[in-house]
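So, here's a batch of structures to check.
What follows is a pair of complexes built around subunit A, which joins subunit B in one and subunit C in the other.
What follows is the complex of A and B.
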């Protein structure tokens, strides 16, 4: 890409402006090129090259790939089960959502289905993750706008959900919770009561957020009519998730292509028509409310139904008696040796899920071996990142953090 | 022996020295350290944190700021190759000095013997001196030869044009009420409850927001906005010089607070300076400094509540709201003078 000084080869840099001690290159009359990132306090693990005329951005060039970890290739040299902790690293605070389609795709190839209780447990952790990821995004957004209270509050309240997830799965972030044929653990005793308490607390806190951040006159002035993504542009670029819904398109994988038990749950996905940064904030607030509704229903279901196996019989029948005893006592299903040596029948499968940042899809191909033949991931952030190139130009330099934060872009998920 | 002691005391309490070094530098520095601690503690309270704690748990982390100061003092000062060295080093020094110099033109008592300079035109002189220091922030931005610094310096320049007229007009409205540029007369005119904050709230509001604008207080922390311009004009600075830059902004805010106290909050009123050094100089100074500190505390609380405005929005506010407000305040002052309220 332009702007980079090549150190190998003939071209070692530009010195058009004859500045002492530094490279310089002419980019156009009255234009000023600034590299925001990758070590800039206002960028994530990415770079946005902006060219400004006075205070107005005329060009923006998102430069992704700084945290690329060759995940798709790595998965080809690991056994099937190791793919789960690997793909979690895309978005560690959204771990259940990003690995679920992989698990479901492999289940599809093996022609098995998780027990109903496991499905509810998956939805439980997915929604907990979703809320925690939204709060994480709010915190980053708050600090981008210089609002230090909105930085601290969501990060503090996120702890509630992270600890619930830890109680449920044993890990704060990379849970590795859904496994082929079910989940690893059942809910501990007293979990649903704590969950209900957390739901009540979060509803109260959302009202506090509204008072100090969402309805704050300074924040409104910064966000209204900033970074508008028109409906047709959103569809054209393939933006997904809350950003798409804030632009007036009612598309949510949970509604349009229900997976797990989402079709049995009663929830409404909010849609905003404005498409600006302010609408995207409201979109996320409303989605947290919907996730809380879902969690309430899941808690009710879990209370009403007795503890039944949470792993598919194909795996559970090989478990030694000790494992079954542990499960009866503590609700923990220890994974049998069968997972380490399992082979997946040859075939192709495609699965998708709704993560906190939008739709993630997995294409899984197996040649019948104990390792995947090919896995292709299309993550939400990678699709949402394109938007910077199209909506940032025309805004002022100070709008860039506002737009960046409102998109809730997460570089590790995009780069994979 | 006592003769030498008397001489030393005399030198220290010589008004120009006392006012510039003690009231202008040492006390505001102490207040700034307290305010920084207060700012972090209140923000922590709002944000459900503890704030500074581990350095000195018994006094609620009060020594944390001293520790931070020491860190700045002993950090290596890096001067990049590409900077213009002379202005790069001189600009922050000049900004620091120029932000405390206005204190010589501010009276801390009504007794003539304790004036550092003649007070006849003190309002004009102090305002003129207060407007000098931002020029050196722009200079340090230019001298840094860094894109972020230059943008930060330019933002500072935009903001100067926006707030300077507002702040000057707002402060001058006190001159309009009293018909005098003498700050002593202005304070004396505010005897009883006739403080100018009550008589002329418009000018006070304009001056208050103008000070926020001029000292990068939230919600106008724009010139150093971390997320676009790293540290604005100070991006290339490190160590003590960076600390000086940061300290200059707070010292300037303190001097501005003293100005607001004198002009709008009745100065040393309701106290009346008596005879001698203590009753005639020390006590009224303390009254003024306490009022100014309370004002500083209000300024710093905004950090916990607001984000920051965009540059063009801040300029909009300054030109479309504050400037008319300041003009109205000035008009109100003239009207009150005409009606003879004072």
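What follows is the complex of A and C.
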């Protein structure tokens, strides 16, 4: 096969045509193989190898791993606490959600539980992250569909939530906020007022999104009845998150295996029956509304309750008086040296959480040492990657970006 | 349904196939089975209501000389069961890492068996498309998640003292 781009008209052979970013070859009568990606308008790198007959896809093979960072192996050679900043690199804009089950699994092994206030603070950041991640997904979806307004607006509005997270934790994206036994910081003064303002703003903006994007006839034509995942197939493939619920399965880890204080909060799990790309868009809009409801309740709770310790006694009792003074003045809990030398009792724990893209699960095994023996992570995007292999065939090539965007696939999370 | 009740139901479902059942931290149930019976066990578990593979975990016990393969099963459709994760675990010798695929029973295990193949070098007999999924073939040759693959890193202060 020649690697030269042949440009002269008579010599252009479709057998080995080379286009920038796209490589195709003829593999049979009327059957072409096209490599899409790894550079494409989406977030992160991921390639899909498709075989087309005309412009109908007959076979699709997702080729993942371009942002694989061997997190499972790296975690085995680092102390327990270093796992937190490592794992949140899976989905930096969803950092609290993806690290929380790891923290909780280790807490389970140590038989400790975070104080109630820390649990509310974790839920607070989880929901802020969830909204920001949904908006990020909307923006990428807008790019895929060539809808530049839907790229600009959610990315601009996401800034509201990123700033709130920065105010709360000190970092825009990689917060490392939940730590074993609690969280790092309490809410600063005036935070809940700003949060309520952001909630009001977001509700107004969701209405704007509906007008310009969700109810847009062009968008509807691109998305309706495209990429339909029937309920039984969604279950069989183990699809997760909003994609699963848009196919009519009422499953959300916050409901089925409640963690932190989700069982004390009042929220609904929206479910759509259609299972197409359009239902998945509505699903995310509805989920943002529910997250806003949760945030309102958390803000009320935080307003009513005075500041109490946000770290478990096992860790907080070893803190020197200076640390306690800093906490009383600023609400910041400095982490003691005990975290660097901590050992976790031998055993196994399995913990999961609902991230913006779906369920993430951690299998954590300890042999009693200062490092994990084995951590197995299976993330939401890794589960959803099966959609490309089993759902995409039968669609036209133009439907591929619509399906990719509607799944809200995030390669760094899938590759780990 | 408490974990003990679920264990009783799994015991009556699997009979002699379940060699040992352990409850970890109230919501994770580990069922030890034999390699030969894994397909039959998976079929029964699927009929029971565990409709997908939540994740496929392989743990390398290098000193003991075996791999432990754990299919962690979850349920989407059954609210009661969805609270629990049931791990179907069995051991295979480290020097002959070959086992049967569960692809035809659980489609959700497709990419995960490929992951176990590339990271541990375990062959799942009967899998229709057993190729590396995340790693490139030269890296997959190294079997990076095995314990004898050593990550070169600066030694930490804590490990030095030890």
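Please note the rule applied: the second predicted complex is superposed on the first by the 385 of 416 C-alpha atoms of A that agree within 3 Å, B and C clash if a C-alpha of one lies under 4 Å from a C-alpha of the other, contacts with A are read in each partner's own complex, and residues count from 1 in each chain.
One rule holds in what follows: contacts are C-beta pairs under 8 Å (C-beta built on N, C-alpha and C of every residue); 3 or more make two chains touch, one makes a residue touch a chain.
Only a predicted model underlies this, so the values are computations on that prediction, with no experimental measurement involved.
Overlay on subunit A: subunit B and subunit C fit together in the combined arrangement.
In the superposed pair of complexes, A:411 makes contact with neither subunit B nor subunit C. In the superposed model, A:386 lies in contact with subunit C only, and not with subunit B.
In the superposed pair of complexes, A:256 makes contact with subunit C only, with no contact to subunit B. Shared-chain residue A:146: touches subunit B; no touch with subunit C. Of the two partner chains, subunit C is the only one that A:68 touches; subunit B does not reach it.
Judged by the touch definition given at the top, the superposed model places A:238 against subunit C, while subunit B stays out of reach.
Ranking subunit B and subunit C by residues of subunit A touched puts C first. In the superposed model, the vertex angle subunit B-subunit A-subunit C (Cα centres) comes to 130 degrees (nearest 10).
In the superposed pair of complexes, A:275 makes contact with neither subunit B nor subunit C. Look at A:34: by the touch rule set out above, it reaches subunit B but stays clear of subunit C. Superposition on chain A leaves subunit B and subunit C with their closest Cα atoms 23 Å from each other. Taken together, the subunit C residues at the contact with subunit A in this complex read 24-25, 27-28, 30, 51-55, 57-60, 70, 72, 76-77, 79, 82-83, 85, 87, 107-108, 110-112, 119, 132-136, 144-145, 149, 151, 153, 156, 158-159. Put simply, subunit A touches subunit B in their complex at residues 19-22, 32, 34, 36, 40-42, 55, 142-153, 156, 212, 216, 218-219, 221-222, 396-401. Subunit A meets subunit C in the complex at residues 64-65, 68, 70, 72-74, 76-77, 79, 108-109, 234-238, 244, 249, 251, 256-257, 340-341, 347-350, 352, 359, 361, 363, 365, 370, 373-374, 376, 378, 382-383, 385-386, 389-390, 415-416. Residues of subunit B touching subunit A in their complex: 43, 46-49, 81-82, 145, 147-148, 151, 218-219, 221-222, 225-230, 303-313.
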